[in-house]
Amino acid sequence: MVEKNKKEHHLKVQIYYEDTDHSGVVYHANYLKYFGRARETIIGIDTIADKWYNEGSTFAVYKVNINYNDGVVFADQLDIKTTWKKDGDYRVVFFHEAWKTNGTKPAVTCTIEVVWLGPKKQLKPIPEFVFLR
Amino acid sequence: MVEKNKKEHHLKVQIYYEDTDHSGVVYHANYLKYFGRARETIIGIDTIADKWYNEGSTFAVYKVNINYNDGVVFADQLDIKTTWKKDGDYRVVFFHEAWKTNGTKPAVTCTIEVVWLGPKKQLKPIPEFVFLR
Amino acid sequence: MVEKNKKEHHLKVQIYYEDTDHSGVVYHANYLKYFGRARETIIGIDTIADKWYNEGSTFAVYKVNINYNDGVVFADQLDIKTTWKKDGDYRVVFFHEAWKTNGTKPAVTCTIEVVWLGPKKQLKPIPEFVFLR
Amino acid sequence: MVEKNKKEHHLKVQIYYEDTDHSGVVYHANYLKYFGRARETIIGIDTIADKWYNEGSTFAVYKVNINYNDGVVFADQLDIKTTWKKDGDYRVVFFHEAWKTNGTKPAVTCTIEVVWLGPKKQLKPIPEFVFLR
């Protein structure tokens, strides 16, 4: 059964020189960084640090689907909108959208499945804090 | 009708400090760089430069699906194996696999759909050199 | 004669997975990104975009000196403190410091000399907005 | 006393989309990645991995000086030329140059001081393999 978290999370991302490539738009791999920043913020950066340093456990990206609908350029500001849900005991699915200011649809959309790994990289049930925050 | 290119392309990638993150494995977004290096090599780096500087046209990534099956660590060497096919007049699909030395299955697999854009970012038929090389 | 700008600029940088390497600290090259974000913000991101798209002119990094005094880890938050001065007609020098929360000295310090380039990459006098903001 | 290693090391770097920024040249921070690849190759990637996993010791960049003389663009190929010397018991200095094909002087030059850190991040004498290889 899918437990839907009704919350939605927003993260602002300023596009700097470092984000772009020579064709003038954001390099396609960089969106995964922005979505990663959102997920780390949602799960809780201090919590992730605590679990890593004290238990050796952390999340891992298992599956990624991205659709690129529109280019984003230097000086743009993105609103990264994220929702998420637990899918069974061992998986959380994050739904990310990158919105340009005044955009009428997301420039980029992404679905990412995340699992939780123990200190020996064994699969563990998703801790509550990952999806309940 | 799908025109299958029978060729397969291999690119070696050495994993350096720059590729890893603090959990000890390759940061998940970086595989898109390795697959991008392979596609640019397959299409032809000098050809891409020529089209960009003389016509203002280039390819763009439209859709990405990635599956992460195994972690890759510092000092590993990856073999990026790529096949590709034309899918209609406006799309080429690349199939990437990242193999560790002595791996029995790919550590990461990825399907990427690429389109071709003219100088005003309008969709153009895929040039022959993109898929026939 | 050196014209000293008395202002100082602060930019917060959250350290995410993307910033670290497998040794557990921020990868040394990434500080140049944080300092770049600060400079772009100081010069004015919309102004840089305007100059680039309308004149084809932009700044370029000419010289960099960095000292690494302390490691920075995942979950740390950095305060990037920047001061700057004009040095002659063709050069602005930026002084960056990366401070950890509760740090007693900067973790990283950096001096960066910047020049201004016209559309044919020719050296041009530094525009006022670069150092007077 | 400075012990000069007479050897020089060369590493080829192909410039891909990932390396460039929207101004059309290689993003200034990325040269540190290329120089890092060279140093890791010189010290020995398998040796670094061995020291890290078995002793928890590794090198750390302590000081960086870079001069940017010429822009490098997409499709360029760089020859990273590196020499190095031990400077006292606790420091090795690497001299990196990035040469474009047919260049008459290096596009970028860089001096990097490296130290060796034990498992508790304490300074240790530079191991022989770092500078004698």
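In order of appearance the chains are A, B, C and D, and numbering begins at 1 in each one.
Operating definition for what follows: a contact is a pair of C-beta atoms (placed from the backbone, for glycine too) under 8 Å apart; a residue touches a chain by one contact, two chains touch by 3 or more.
Given the structure is predicted, the values throughout are model-derived calculations rather than measurements.
Between the chain pairs A-B and B-C, more C-beta pairs are in contact across A-B.
Among the other chains, the CA centroid farthest from that of chain B is the one of C.
Centres computed as Cα averages put chain B at a distance of 27 Å from chain D. Chain A and chain B, compared by their mean Cα positions, are separated by 22 Å. Taking each chain's centre as the mean of its C-alpha atoms, chain B lies 33 Å from chain C.
Residues of chain D found to touch two or more other chains are 17-18, 22-23, 29, 33, 36, 52, 73-74. Interface residues of chain A facing chain D in the complex, by the touch rule stated above, are 17-18, 20-25, 27, 29, 73-74. Of all residues in chain C, those touching chain D in their complex are 22-23, 28-30, 32-33, 36, 52, 58, 60-68, 71, 121. For chain C in complex with chain A, the residues that touch the partner chain are 14, 16-18, 33, 36-37, 40, 45-46, 48-49, 52, 73-75.
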